[in-house]
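Here come two complexes built around chain A, the first alongside chain B, the second alongside chain C.
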Partner chain A sequence: MVEHQHTTEISGVPTDAYVGEEPDDMEESILESLPISFEMVLLAPSIITLAVLSIIPLVVMISLSFMEVSFTPIEEQIFVGVENYVDMTNDGNFWDAWKATAVYVGGSLSLQLGLGILISVMLHRVIVGENVFTSIVIMPMMIAPVVVGLLWQFMLDPTFGLYTYLMNQIGLFIDQPILGDPNSAMAAVILMDTWQWTPLIVLIILARLKSIPQHLYEAAQVDGATGFTQFRYVTLPLLKPAIAIALLLRSMDLMRYFAKVFITTGGGPSNTTKIIGLYLYEQALRFFNLGYGSAAGLVLLAVTVLMGLAFVETIMGGAGDDE
Partner chain B sequence: MAQIALNHVTKEYSGADIVAVDDVSLEIDDGEFLVLVGPSGCGKSTTLRTVAGLETATEGDVSIGSTRVNGLEPRDRDVAMVFQNYALYPHMNVRHNIGFGLRLATDMSKGEIEDRVEEAAGLLEITDLLDQKPKALSGGQQQRVALGRAIVREPQAFLFDEPLSNLDARLRKQMRTEIARIQEQLDVTSIYVTHDQEEAMTMGDRIAVMNDGKLQQVGRPNEVYNDPANRFVAGFIGSPSMNMLESEVAESDGNAELQSAEDGALTYALSAEMTDEYALTPGDRVTIGARPEDVRVAVSPDAFDSQSHETTVDVVEPLGSDNLLYLSLGETTWTARVPPSFEPSTGESAYLSFPPEALHLFDERGETLKSRDLTDPLTTSRVTAAGTD
Partner chain C sequence: MPEHRLRRREFVQSTGLAAGIAATAGCLSGGGGGGGGGGANASQPPGDDVEAASSIQFISESTPPTKALQSITDRFTGETGIEVEYTLSPLLNYTEKLANDLSSEAGNFDACYVDPYNIGAPYFTDLEPLNAYIDDSGYDYEDHIEVHRIACSEYEGDGTIRGLPYDCPTMLLAYRGDVLDEYGDQATSDLGFEAEPNPDMTWSQYMEVAKWINENVPDDMVEYGTGHMAKQHQSLANEFEMIQWAFGGTQLEGFDGKDPILPDDVSAGFTDDASVEAAEFYQGLVSDVAHPGSTTWDWTGVAQAFANGQIAMAPEWHEFNGLFADPESSEVADSVRWTLAPSGPAESRNVQAHYGGSSIGINAHITDAKKKAAWMFIEWATSEAIQTELLKQAGGTPTRTSVYERDEVKEASEQSTAESPMPNVVPPILEGWDLDNIGQRPHHPDWLQLEQVIYTEQSKMVNGNQSPADTMQACEDGFSTTL
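The block that comes next holds the complex of A and B.
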């Protein structure tokens, strides 16, 4: 029925009118003879691409998570049921990785959001040369994560790093290298990501700030609001949807974070920066526990999705009807 | 409630390039409803915003009550403002929108605020909307909420910045009456900015007409209409606008007359008393003005006992209660408001006439020399168009 309707709409004339053998009619019949509807024909390329790139790997991953996979002497898959998942609950390293991830994601998100709001509100106030300032602020975002990792490793190098030198000058980290100390290594990794990705939050929030009409502030001023109460009761509530989007994007990205830690600390010292992404990499690609790695990966996927939903639900009230 | 006074207020923008408000002095009495009217960009909104504290006057003083408020923040001025686009807080429901000012600026308890909000909502008949968000409301309802937000504060003054411009015509008329009613009931000093001269005429206790940042005239609506201070006010107040024609005083056979400057299509004989009274001498350039309702039209010149002028009917606009005729006289178009029974066809020739009592005259600088004479029985009893033949 749907198919029929749409094919007639294309020619703009009801199908009933077609009785002759005009060329138009030929075209009509080709479309009608297709086994799938016209919309599906148009959608097919993207669906196929999506399937190859993500749906098939996902299905394979789900099936792998119930297998024990060995590569020696030949590839072999043995069905083990939920054993991988049971192992996970007993694996102290897995939980440690999640703890590191929690510290890492929580620290980075709050730092990035706080700084992001602060910087965007300041940028919004800049009248002369706003574009120049904005461009400077968003520059770190343009750099590849691996390069950021290398850059920071260089800066934090115990012998010739600029940051290490500056820290040493004020009497910090004289005895141990910054990336070699369990506490400062995590802080350094969080700062690295904050340096690179705060600009994204700035961009998202700045765009929203610009869309808040000036007359709302004027109304608030006449209503008795000070600079702070204007921010508290007008700006902040209206920024909520933008904050939710920023948190969603950053949390998804942070959960699967890998490159910068891999380059700088490699998960150390003593696994303090071994976040879940790095743990997954080790399990699946260093130890070749493909089954176990897949199961852990699925857990990561589930946690990420739930976290994203939670942000959208709590901040935007579900449908974003705070607008 | 308080008197508001503006004393030589000037507002310049970006290094004196633009003078938005130019030396405006104005006093608004306690409880008075003053309408600031003028075309777009005439500085009326800037004047209002200067009173609100959203703009700072470059020169001059603004006082509300006995306080000079120049350096005060808007929140310290105790005024409430209604904006053209309502400026409701989109994330708050109607109740919180209305109560926001009380919550911020007073130390009232939640219960007291709630009572005040309910009271204001009752006055505006929006009690059943209190828990809605602004986006669920129609334009008219949003404007009521904006009014509620102003009323609930019981401020010293209401400032309205074109509050009805975004509403459709019918709602606009309804809200016009409503605002006037509420203002009278609460007896709060109000300044109302609009570009709509009809709104100004119907709502204001007094009207202040502005143009190019300068105050042109302040007066009661009828005063401004019947005795405009200058050519600008005469043309701006009244719809359709006053007919105007540039002319020059000439002499023919010892009698003075006005000749239209550009094409000489109209000559208007002047009585000796008039030339004396207004000191007109040949060569003076004056602008003739006549309100459309003072222009009488007939098919034949015999219908008039005073002088008449031949024209061609360009357009007939029926309004129901009247017909508007657009008549071409030389290169100018004259508008006449005639009874609906008189409906000439387009292209027909017709004669227009306006008595000397109805005549407005403006000098070369645009200042009024003569206004319509209201004491004359001829013009006070409504001039009707002479019949057909």
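The block that comes next holds the complex of A and C.
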């Protein structure tokens, strides 16, 4: 290696300059000496901020779940160990809420996924005015859940609701309010959610459909695949990652959101629509049973995480793991 | 390159762990929540040397009287120079915001609407005792009708006043005068008793009249004889409580729906014969006789159905008379009439009205300057002149005797709903507030949660999923668990 080192004196200040390649024996920079990469250093502030913002509430929540917290009228926190968790196992209302949640989440996901795939495949085949149709389809998603609840409550009102009137015309729900019957009330809240959130699944699936290379269909056609066979053996397998993402997003939302149920049925009739989100809200924010509410919230968190993992593992076969 | 480099997952895990440790340390060293002991029982009002704050925050449930109060608050600001900022929310949101503020002692709200069951009973220690304020200012507290002082101002049984009576929706019976005028004689003849609702009517007779209307009055006049607030909602509990008291039953042993101050040791009621009888009656009334929409209606739903002419009679909070009186939103403005709710078979007790009043008070966790300004505001808002003004705006129901002694108010109370300039005094509220007629909930800190047990189990009952006896047993079990 040829080293061109010039040492000159400019205004009394010595200046060392290297010309050409750096020497092999130059000391490592400070950044190089760190045990993490430069990119990770840049990411650190945002990751730490996010971690603090999410972890502080989580730690407080875990701590509260082992306390009996009462604000009324003597304010105190008493450490009760796992009592809240034991109480939960004996609380019939807690299990009823989980049963209602299972029906609500299962029913909503099935309907939304089925309709979402169907609508997105149809939209994908639209050649003229696709954007217009897509805009119309995604409109319900733009409405706040509370407004959707109020809107449907109005439409299902037993005395002046349009949907009730239409049902009555075909002989259904006569003298039987849709939101007042334990069976139809759950069906109604599932339909409300389906009406609002199927468009999200449509968007996700549609985006994936557009990225499937055309030559795969051409090859399938050469092999004699018909329309349905193409869908079954070409489209559907390639949609799996999008389906997993859609299921993941919707299942998390369904577990957490309760606005429509809160507005339309309040959890009734007979507690049949009291999903776990509403139950948690009542315990923690209405009755201020913060200890019990926190314990129930942690169970909800665990179930949601497990459900998400199950979707990713079963549908995507673990795809997306970065290691 | 250094040999050991953290992989991305390890890096994220380690930052998360560090944050977790920091959070834990913060929680432990900070001591968490907790809070002080609330307001002292013998609070002194700020002295003359304290200058009132120039602005205060007032939080209230979004009710007609508070909206009316807001519309005239510029008068108060003009007189005192104190600005009042309003936070108005639906009942549950208001409760959450205020409960959080009071229990955390944050002092974000200075003056507050005090619902006696959602806020007063659980958080009275966070409300400033007002006795000394009243004494110092010469405020005429005794002018407030007795039931209001008992029900929504005092929580400890020792005379400590935590709020000034402000407004009082009261559950009475609304009915269609036109239906009874046209068919009342025939119904009276068929049934053998006076069919038009009146203070002497019993609940059994009420059910008979409702059935008779179902069967004999044409649908184009009215479809159903009665409608109820039987949605799984607080409304269902309120309506059933009134009937349960009227039948002689009780939610808590030793509590009769009259004195809200409970003894220290209370236990669940419900399984007495009178309560079971009340439950059987209510199930029959809602499931077999009432408008089928009843199981989807809370108090607002019943009011809308009544205003739309769908039902002939309904127990309802009297302040909906403002809605009924408005010809633009009501088909029954010319025909609505009110009376006391029917009586029950209980011999030792009479309950023909349900109390729904509230007071306004001062947050105990604010500065003296704010307390002084807040006192000036609540003193003004509950004065005779302002209560009268709110009544004229069809927004409130005065709690002061002196307002009802005014000639204009007396005159308005004797007119029909359609003609009266003050529809809130047309229903017989003074009779309803008579201690011999009124029923009221207890001041129990967990009443919200206890009431939820009632309306959840009742919802199962009126939907046919649970027998009345099992429902009362489930209520007792639920109460026992919470208590």
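In this section, the second predicted complex is superposed on the first by the 266 of 323 C-alpha atoms of A that agree within 3 Å, B and C clash if a C-alpha of one lies under 4 Å from a C-alpha of the other, contacts with A are read in each partner's own complex, and residues count from 1 in each chain.
Heads up, the rule we're going with is that a residue touches a chain if its C-beta (ideal position, glycine included) is under 8 Å from a C-beta of that chain, and two chains touch if they have at least 3 such contacts.
Only a predicted model underlies this, so the values are computations on that prediction, with no experimental measurement involved.
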{"item": "First (chain B), second (chain C), both or neither touched by A:Ile56", "value": "second"}
{"item": "Chain B versus chain C as contact partner of A:Gln176, first or second or both or neither", "value": "second"}
{"item": "Contacts of A:Ala44 with chain B and chain C, given as first, second, both or neither", "value": "second"}
{"item": "Chain B versus chain C as contact partner of A:Phe79, first or second or both or neither", "value": "neither"}
{"item": "Touched chain A residues, chain B compared with chain C", "value": "C"}
{"item": "Which of chain B and chain C A:Leu238 touches, first, second, both or neither", "value": "first"}
{"item": "Contacts of A:Thr226 with chain B and chain C, given as first, second, both or neither", "value": "first"}
{"item": "Those residues of chain A which chain B touches in one complex and chain C touches in the other", "value": "322-323"}
{"item": "Contact set on chain B toward chain A in their complex", "value": "52-54, 73-75, 79-81, 83, 85, 87-92, 100-101, 104-105, 133, 135, 149, 153, 159"}
{"item": "Parts of chain A lying in touch with chain B, wherever the complex brings them together", "value": "213, 215-216, 218-226, 229, 233-234, 237-238, 240, 321-323"}
{"item": "List of chain C residues in touch with chain A within their complex", "value": "1-2, 4-9, 11-12, 15-16, 18-20, 22-24, 26-27, 32-38, 92, 95-96, 99, 103, 122-125, 231-233, 291-296, 298, 304-305, 308, 310, 445-446, 448-449, 452, 456, 459-460, 462-463, 465-466"}
{"item": "Touch list for chain A against partner chain C, complex", "value": "28, 32-37, 40, 44, 47-48, 51-52, 55-56, 58-60, 63, 69, 71-73, 75-77, 93, 157-160, 175-177, 179-182, 265-271, 282, 285-289, 322-323"}
